[in-house]
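Everything below concerns the one structure shown next.
Chains: A, B, C, D, E and F, in written order; residue numbering restarts at 1 for each.
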Amino acid sequence: MAEFMEGLNITALGVTVVFAVLTILALVLYFVGWLERRLIEREETAAPVSAAPEVREIKEEKPAIPPKDLAVITAAILAYTAEKASQLRPLPFKRKVSDAWRLYGVQSSMEEVEDFNYELGKW
Amino acid sequence: MAALEQAIIDFFEHMGLLNLTVGNIVMIIVGLTLVYLAIRYGMEPLLLLPIGISAVLVNLPLSHLVNWPVAPQLPPGMEENIFATMAYLNQQYGPPGLFDLIYYLLIKTEIVPLLIFFGLGAMTDFGPMIADPKTALLGAAAQIGVFIAMLTAIALGFSLNEAASIGIIGGADGPTTIYLTTKLAPHILGATAVAAYSYMSLVPLIQPPVIKALTSKEERRIRMEQLRPVSKREKIIFPIISMIVIALLVPTAAPLVGMLMIGNLFRESGVVERLSKAAQEELMNIVTIFLGLGVGSTMRADSFLTAQTLMILGLGIVAFTSATAGGVLLGKLMMKLSGGKINPMIGAAGVSAVPMSARVVQRMASEEDPGNFLLMHAMGPNVAGVIGTAVAAGVLLSVLG
Amino acid sequence: MAEFMEGLNITALGVTVVFAVLTILALVLYFVGWLERRLIEREETAAPVSAAPEVREIKEEKPAIPPKDLAVITAAILAYTAEKASQLRPLPFKRKVSDAWRLYGVQSSMEEVEDFNYELGKW
Amino acid sequence: MAALEQAIIDFFEHMGLLNLTVGNIVMIIVGLTLVYLAIRYGMEPLLLLPIGISAVLVNLPLSHLVNWPVAPQLPPGMEENIFATMAYLNQQYGPPGLFDLIYYLLIKTEIVPLLIFFGLGAMTDFGPMIADPKTALLGAAAQIGVFIAMLTAIALGFSLNEAASIGIIGGADGPTTIYLTTKLAPHILGATAVAAYSYMSLVPLIQPPVIKALTSKEERRIRMEQLRPVSKREKIIFPIISMIVIALLVPTAAPLVGMLMIGNLFRESGVVERLSKAAQEELMNIVTIFLGLGVGSTMRADSFLTAQTLMILGLGIVAFTSATAGGVLLGKLMMKLSGGKINPMIGAAGVSAVPMSARVVQRMASEEDPGNFLLMHAMGPNVAGVIGTAVAAGVLLSVLG
Amino acid sequence: MAALEQAIIDFFEHMGLLNLTVGNIVMIIVGLTLVYLAIRYGMEPLLLLPIGISAVLVNLPLSHLVNWPVAPQLPPGMEENIFATMAYLNQQYGPPGLFDLIYYLLIKTEIVPLLIFFGLGAMTDFGPMIADPKTALLGAAAQIGVFIAMLTAIALGFSLNEAASIGIIGGADGPTTIYLTTKLAPHILGATAVAAYSYMSLVPLIQPPVIKALTSKEERRIRMEQLRPVSKREKIIFPIISMIVIALLVPTAAPLVGMLMIGNLFRESGVVERLSKAAQEELMNIVTIFLGLGVGSTMRADSFLTAQTLMILGLGIVAFTSATAGGVLLGKLMMKLSGGKINPMIGAAGVSAVPMSARVVQRMASEEDPGNFLLMHAMGPNVAGVIGTAVAAGVLLSVLG
Amino acid sequence: MAEFMEGLNITALGVTVVFAVLTILALVLYFVGWLERRLIEREETAAPVSAAPEVREIKEEKPAIPPKDLAVITAAILAYTAEKASQLRPLPFKRKVSDAWRLYGVQSSMEEVEDFNYELGKW
């Protein structure tokens, strides 16, 4: 019985804390959302010239493909994939394009070295 | 020749077949049942298949994949010291089998459950919850099931620590259940883990009757407004803010929520795709294998084949049912307060089991009205339920741990 | 010499056990095979209506591609792959399709959320 | 300035070049030879390249990648306790180098060999063996080579434990060899591992003369009936049944066979493709790297450069030759009993080295008769040989371990 | 009810918010700044994002992700024994948190930095250095920055061990910095790691003014001859030879250089693509996650928020600047000796930070003369700088370690 | 001050060693390069008949694709990929081609078994 009473106490505490924490989290999220809307408004008033260009960069234009063509290509590739899956084995992982740089001249080599991923990132 | 005969006799005396107990046989059947359910009905196969097959393997006698007990009697003061514990167990029970190493080094140290949470964070889109923060409360309401199941377990004679581990099943979060049980009551880990994953996959059967019983046809037909868009910036800020807020309020929930949110930040930041992919795939897959094998290896006849286990499986239903009810009832309250703008069914999705309970809600909504799309609205409580359960586990840990 | 005698004993034991185990395994496999054939027969007598539909589902119909076309497509893709391997670097792992759900309306969002892989499986 | 001179003198006294022994030089050459064979002739490069290059590295003096001995003298009672052993070695020999950690934590605890078996299970299609179970006996017959090599080793003066580790080379299974040697005779691990992998890659040279000597042209021309189809259900049941049968009969083989079959169940179940892929790829690759580096790091001059090592390399040939002969001879017996329906050559494929020995058989068959396709028939004994060797290792462990 | 009140009071007393110190708040802001820099400006996000966010997490009080100090006071003789150390820390400070395990088991044992070097080797093409070996000297010249920074640090009052760890920042190699600091001065690990990675990403800002100050317009316009082709055979021999030469001369550099070259051999051998890919991807990604989290977890208020840290950040600039100057000055000498055939700017690329400093050189060259392509020539010193820094670290270790 | 003197000593030692090691390495590389050129010359004198064929094998002939076609295919695939990324989820990893061997007869099975990667390598 003592255990059950303690269980009740834990329950009261637990329910209170869970609700409190998620309520606070929700309030914070409302505040962040409100801030975000204000920020966007201000950025828009500040005009297309300034501010956070890297956010917009992300939404690249992509050339539209007519839905019908899209469906046809999809169907073709899927059918092809299904058909070939049992015969084709994956091409070996093409890791070393390496010597290219001396064959294709210095210009092309630039791209390759940028690919050089020691720093594991982009520059 | 006598020596040969002796060798053969010795060999056969150590044959597993002659040492098979009834308990072993029952556990092998239990394990095979899990394997069957996983393969035949696709019940959470990523966990139940490894759990089932390793339960079979560890119950084949003398197989040396497990040499150490799951919940050993330790000299006083050693309990808390994992290094001393392992050296002691090695002394007492011989060198560890592979599954002992997995259990003691990877699961008992919480490495695996926390890395799973890390991967889950990298897989989860909290967008719906950010778009409509009030739905987070429904994720809180569903945790009521955790405490109702806990109280029921206490009433049935379980200790406080066991009852808390059983209650958390109602959170419908496998890794949280494993995390808490390992800390509070490791001897029932097999039972609570199996219950959690089994019922998670049975959500589509458990929830609909409860939801129907608590809502009217009109309520289920309520349509909700489309969610507002969420910016990339908000999605990046969310994991940081959540981590800070929750860890400041409930430090014992910090490991779970912290790892979840680090994973989510990796996902949303967009600058560490290599790491985010690794968290979701290579690391996640490897860790999932070890989780399944390690949990399954705790299912030994002596600790699993008890009346307790059956009661735990029964209490799991109590937990899931009351969690669903909790969510739906708060949903009804919010419906009334909002003047009918909220469909109470989305409260049921507060039982995380992402995204299954959200899909249950969507399915029930379209049954009543094929043009009613609640899925994204149900995803809010659904992901909030993950956080809610971690907080509940934190409270239980801080009081009992 | 004593060691060699013990070696002989171990050999006798080992060869016996290896053969015994694999013989038993073979017998069990024959039994499983026999059971399987009986099960299949019974399923077939029980007609196309009932039983284990999910086993059959697996064998989906796939539209046949004429072998010649298949060969052409294969050759084209392989040649293409070989040609591009040195210039193209792998597209970054496209992880976040995310915001799609609010842009394309609720219908399309359904599919995406089903993609939501918290449970790591299919429902 | 005197201090500077002193510093320079000190530095040069600890220069590796001045501490290089003849043994080191020979071992570096041995390591480079393995690297050369791996790259130039493609001899099992996935193992022999890492083994070779780490053998080079650990024989460069004072390099601190290995600080602990491979087979240390331990105080009584410590042998079995890995945790006490490591703390003791740290005390005696200083902090572990990277390769010490790999060897003691990952290989000596059997984690790596067992995970390799897990991955192999996920890679292996047991279909041909299920389709024609009697070919499993040919996988048993090839194990005769294990015991013949063991007896020869004893006759040459090796201890029982060493002889058993040498014999198992005849099983043509790298991970099983490493597993057994680590348990029975760790000081010859380098030699047995190198022998096992080297001869596995030399199977196309070793087997044909033996097969030709034991079979007539007519026998080699025997064509066999096409194998029956195997259902998905049988493939799923196979790993479960095999695990149970073998673990009940030979519990000491349970870790190897158990992990193999869990991997295979992951593969065949079709419901855990993520995990099956992880077992075959990410986990397998990582584990293979550690296996190669860890084994190579045991190749130190003092334990490797002995007459024993040369004898072990010689005994490896004995093992492979007699294993091939054992398989072919049982093949001939089965041919007679079946009235000429079985081509005795497929017995040679009982030497696992999957799928190389099966390909050897196929190639020899098509040389005699271009229309004779034995490959799938040879795959039966081939995969059975993996199981057979694990069982043989289990017997050796149970008697000597 | 009194009990309930008590429970609530207890709970709130252990609430993180009430235990937050000013130091915590500052560290959280520091962590968030790193996260911001990583996301907003792409500053080495693969390391700085995990470091930043885990610095935030460990500074949320009582969160139990770290329970052990970074640089504990240990009983005499225990320092060197990692197993005794961990058992002792467990006894003193309770069970390890996840980040304690990552730090003590994976970073302090050097497993993670060495595996990173292994992956870097598999990613690096040493072709440009093989084609023009004299450029390797420029990689040596840049190490002068290491020693200038070290001397400055000593002058500012740092101990020898600390100064060496600070100096190595000038090598512009994150893992080498972490490796050396962990061994010599673990209490400043957070500061040196953050400095190393931050300045590596700031190379495009730090280097150009130094280069411009030391070279004339004419010198910067010097064009260089195209590099000779390098055969596959040379690329395979290179890692083997380098490993042997360097380990024989500077054994303390053998772990770093050895792992780098094993990785490179895996890459160039062409026969172990599975392993090479694993080293570059799955293993690398997983290890990078642990490195970032582990390093970030050492950024605690008490050890990080000191005047020392600010000085270390300042000394980092000294290190990078003098390293660049050292490279350029030797470049000028080589230009004179070669009769104007060598562009002195490529010396700046001896600061490894592969491939950023080589790109800086290329960019400055094309600004002066759009037709001048120095990139491949700058890659020679660039990769040589990695080896040079490892050798410098080896010398420091052998004298101070 | 004593510390600074020791620092100077370490600096002298360190700079010396770093330069010495990289100089030695450079000399060794020059020697290897010289050896390589001699080896190649000798191989070439020894004529196209003999020696190191496996080095040459690597440079396989690949059928040229006209650059324009290449560009078109690339553009098409990239556009297609971009378009589909939000709808298509990755095809499940096609791991088991398995039963193929009994369906397509013995000949095709050969290839498959050679794919059998127990030995993790190529034969």
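We adopt the following convention: a contact is a pair of C-beta atoms (placed from the backbone, for glycine too) under 8 Å apart; a residue touches a chain by one contact, two chains touch by 3 or more.
Just so it is clear, the structure is predicted and the values come from calculations on it, not from any experiment.
Enquirer: Interface overlap for chain D and chain E, more than half of numbers shared or less than half: same or different?
Expert: Homomeric contact, different residues on each side for the most part.
Enquirer: From the centre of chain C, which chain's CA centre is farthest?
Expert: Centroid comparison gives E as the farthest chain from chain C.
Enquirer: What chain is the most remote from chain D, judged by the mean position of CA atoms in each chain?
Expert: Farthest from chain D by mean C-alpha position: A.
Enquirer: Between chain C and chain D, what is the separation of their C-alpha centroids in Å?
Expert: 27
Enquirer: Any idea how many Å lie between the Cα centroids of chain B and chain D?
Expert: 39
Enquirer: Residues of chain A that contact two or more other chains, please.
Expert: 6, 8, 10, 13, 17, 120-121
Enquirer: Among the residues of chain D, which are close enough to touch at least two other chains?
Expert: Correct list: 7, 11, 42, 45-46, 83, 87, 228, 232, 249-250, 270-271, 274, 277, 282, 288, 395, 399.
Enquirer: Help me check something: in the complex, which residues belonging to chain F touch chain D?
Expert: 5-6, 8-10, 12-13, 16-17, 54, 92-93, 95-96, 98-99, 101-102, 106-107, 109-110, 113-114, 116-123
Enquirer: Can you tell me which positions in chain E touch chain A when the two form their complex?
Expert: My answer: residues 3-4, 7-8, 11, 40, 42, 44-46, 120, 123-125, 127, 200, 204, 226-230, 235, 267-268, 270, 273-274, 276-277, 280, 284, 288, 352-356, 358-359, 362, 373, 375-376, 379, 386.
Enquirer: Going by the contact rule set out above, which residues of chain F touch chain E in the complex?
Expert: My answer: residues 3-4, 6-8, 10-11, 13-15, 17-30, 32-33, 36, 39-40, 55, 58, 120-121.
Enquirer: Using the touch rule from the top, collect the residues of chain E that touch chain D in their complex.
Expert: Within the complex, chain E touches chain D at residues 80-84, 87, 109-111, 114, 236, 240, 243-244, 247-252, 254-255, 258-259, 262, 265-266, 269-272, 274-275, 277-279, 282-283, 395, 398-399.
Enquirer: Considering the complex alone, what residue numbers of chain E touch chain F?
Expert: Touch list, chain E to chain F: 129-130, 133-134, 136-137, 139-141, 143-144, 146-147, 150-151, 154-155, 159-160, 163-164, 228, 231-234, 237-238, 241-242, 245-246, 249-250, 271, 274, 384, 387-388, 391-392, 395-396, 399-400.
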